[in-house]
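Two complexes follow with chain A in common, the first pairing it with chain B and the second with chain C.
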Partner chain A sequence: MELNTKFMKETFFIVMKAIPVTLEITIFTMIISMVLGFALSLKKIGRKKNHLVNFYVSFVRGTPIVLQILFFYSLLPTLLNYILNIVLKLNIKIFDINPIFYALAVFVMNTTAVLSEVFRASLLSIGQGQMEAALAVGLTPWQAMRRIIIPQSLTSALPNICNTTVNVLKSTSLAYMMTVQDIMAVAKKQAAFGYNYIEAYLVVLVWYIILCTVIQLIFRVTEIKVAQYKQGKRVKVLKIQGLRRFSYAGIKERAQVVWR
Partner chain B sequence: MRPFHPLYIIEAFTKIVPFIPVTLATMAGTVLIGGVLGLLLAVGKLSGKKGLSAAVDSYIYIVRCIPPIVLLFIVYYGLPELLKASGININDSGKWFFVITTFSVLFSATMAEVFRTSYEAVDKGQREAALASGLTEFQAFRRIVAPQALIVAIPNFTNALVKLMKEGSLSYTIGMIDVMGKGQLLIGMNQGSYGLETYIALALIYWTLTVVLEKILGTAELNLSRGKKNLAFGR
Partner chain C sequence: MLELKNVHKSFGDNEILKGVDLSVNKGDIIVILGPSGSGKTTLLRSINFLERADEGTIDFGDIHTSLVKAGKKDVYRIRKKTGFVFQNYNLFANKTALENITEGLIYAHNYSKDEAREKALKALRLVGLEDRADYYPSQLSGGQQQRVGIARAIAPEPEVVLFDEPTSALDPELVGEVLNVMKDLAKSGITMIVVTHEMSFAESVANEVIFMDGGVVVEKGTPKEIFSRPKDPRTELFLRRIIRKDYDYVI
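And then the complex of A and B:
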């Protein structure tokens, strides 16, 4: 078997131009789902059992994302067209909408369910006393949430958020089914000219590994930053050590040694 | 708005259900091969040899970064070419061959972590105590460590299995006729109409399969951890 290396080199840079699309979907999905997921997790923590929320989470967990993509891509455009143009008579050109928005809708729906579980677990890991103490000191519930609860729960949630982000990045490879021009779609198009499928997909593979690594590195650095409060004053020195080694556990160990 | 026929959901459902065994069979094949591979990887990582565990780590890292569909396409287009160079022709073998190969690679990485974490979850003292009381190394593993590790492994295994089933639905993209493939075929045979109804039927099937799998493994976990509970109460 011989790989067409010239084609691979060319495709590598052509595919690179589509990276913003892939990252756009990933980043916007994460931002929107984090807000929605957090709201949902607060709802879940409440005493009352909400059947609708359970139903929604169970549906998302129980069906493949390809199926969700195909389902909503065949439902949403016609449904929107019906509601906006025929019922409300707004005359919007629904079929000219950039398919990225449909992709975002599906991925947000999927990720919100996952993140709501992540946030719920991390919020539950904070002792009830923290909230009570904050309220007793005179903070408003929102202040207590923002200054006391969220910073603490973030340390336990971040590894899971990182995992979720990587999973979203991986599932964006399915967005080509909605005619989104992400790296997968572009590579596929390049491959079709000369039937160089193996080469094109290998290029995509390399790009996914690069993107994945970058995301994980960013999260490592953020994790170290967020966990600073646990380590008292010697944060500055530790941060530099931590960046050098990229290992949170290692830093924690060393931090304890230094502290003693 | 195009017409919606709720009755067709039932029709599609009955047409797709006979293909559930195909999905389950490919899953079983993947679990078998991927599980053995994962076990070998976990043993490699736990062996304590630096080079070996670094190699296993990088394998797991890379596999975790690969979107399933990309690997599926690479295996589907690349493997026949690769094997042709060494004189083996697999172009005629069924689609299931490529599906099982692909998902075994993905599943093995997940399972390696499942095996490793569950082995490490059992306290070292358990094995030492077993050896001290005269069991052989193998007996200690089979009678003391493994049963405890199994309980820890089951929830993670359930997650991995459900993930595998959901990712396995991608195999329709290379023309495999499993549950998802049959659904796509039905839509094709209806010239693209009844798409929504067919997808609803598919969603119902996958949803049911997920819930059933989780129930079965949940019950298994309860049964297996019975011994543990009695001990806790006995104290």
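And then the complex of A and C:
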């Protein structure tokens, strides 16, 4: 067996042009899901049990994302068409909507559920004491949340947010099923011309490793920056770990994760 | 200046406060004693509405309201007129010592950033930690953290400062530095209500000692009256236990 290296080189750069699509889905999913997930986590730490929230979380947890994608890609356009054009008579060309929006909907739905758990845990880890101290000095509950609780909660959630981002990035490879032209879709299309699937997959594999590694590097640096309030010593340890993660061993580890 | 009447509070079926009265004059140093679980913390927390009492009234300067139904406005006014020092310090972990103090000054008391900084540095100077202004809580010892906690409570010049066992979470060798700060404050004329088992503090600066047990005030009086001539057998028993514990420390 021989690899078509010329094809691989070409494909590498063709695939590169689709990176913005992959990153757009990832970044917008994360931004929207962080807001929704945080709101949801506040609901969760409240006393009242909310059945709707529970149903939503078990739906997302209990169904494969591939099935969700196929299901919503079949359902959403028809449903939107019905609501907007037949009920509301708005005359919008539903079937011209960029499939990226459907992809976003599915990924946001999944990621919000994950992040709501992440934020719930990180909010609980900060404890009631600092909230009470903030109230005692005369802050409003919302000021206390915004100035004291949320910044710490985000900091302690950062490693989990990093993992989630990497997972979302990897899941975007399923968006090709909704005809989104992400790096996976482009690679597949290239492969199909001359049946160079192995080469094409190798190329996307490398791209995913690069993207995941860069994302983790960005998070590492952010973590070190924002965690300065933790002990001086601790920050140093973080730095060393941070470097280790980008050593050869660290990258190998990451490659295995991506491969799986 | 501050008067609480008939404070009741239950958690579930458990009645913790069974009608407590408390009267505080300007400049008073009141020490509250009592066995664990007698409701001392709950009483302090009812004053600044960290806990909502089930019954009772509060008169604080020109505020006269129900502890149960007080509206937001009164609650915030009362919180700004009180400082609270917690057993576990509860410093804001993401803020430096200085920022721990300016936070309330800026966002609750509406001081400008510069004024707040001035006031905060002054408070830090009072507790002897001016040189630690830019340290984060995790970089301070327990005793230093509690002194920042005290500085945070006194910086807005509240009318009364509430202390809930401020030294009981500290290693024995760190208790002294915090007690010294508290004694200095007491002598400077600040009004304080202090829950503590530190007899030396009560003896040297308190003008009233209140003994609580089972959710009621069992007896109160000057330190001398309570320590040398307790009227109630429960007080006597409690004092004997505490003193024996102090004695154990020495050994």
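Definition applied: the second predicted complex is superposed on the first by the 230 of 260 C-alpha atoms of A that agree within 3 Å, B and C clash if a C-alpha of one lies under 4 Å from a C-alpha of the other, contacts with A are read in each partner's own complex, and residues count from 1 in each chain.
The criterion applied here is as follows: a contact is a pair of C-beta atoms (placed from the backbone, for glycine too) under 8 Å apart; a residue touches a chain by one contact, two chains touch by 3 or more.
Since the model is a prediction, treat every value here as computed from it, not as a measurement.
Shared-chain residue A:T179: touches no atom of chain B or chain C. In the superposed model, A:N54 makes contact with neither chain B nor chain C. Of the two partner chains, neither chain B nor chain C is touched by A:N98.
In the superposition on chain A, A:T63 makes contact with chain B only, not with chain C. The partner of chain A that touches more of its residues, comparing chain B with chain C, is B.
By the touch criterion stated above, A:S125 is placed in contact with neither chain B nor chain C.
When the two structures are aligned on the shared chain, A:F71 is found in touch with chain B, with no touch to chain C.
Listed in rising order, the residues of chain C touching chain A in the complex are 48, 50, 76, 79-80, 82-84, 86, 88, 90-96, 103-104, 107-109, 136-139, 152-153, 156. By the touch criterion given at the top, residues 1-2, 62, 64-71, 73-74, 77-78, 81-82, 84-85, 162, 165-167, 169-170, 172, 180, 195-196, 199-200, 202-203, 206-207, 210-211 of chain B touch chain A in their complex. Within the complex formed with chain B, the chain A residues making contact are 1, 58-59, 61-67, 70-71, 74-75, 78-79, 81-82, 86, 166, 170-174, 184, 197-198, 201-202, 204-205, 208-209, 212-213. Of all residues in chain A, only 126, 129-130, 132-140, 143, 147-148, 151-152, 155, 228-232, 234 touch chain C in the complex they form.
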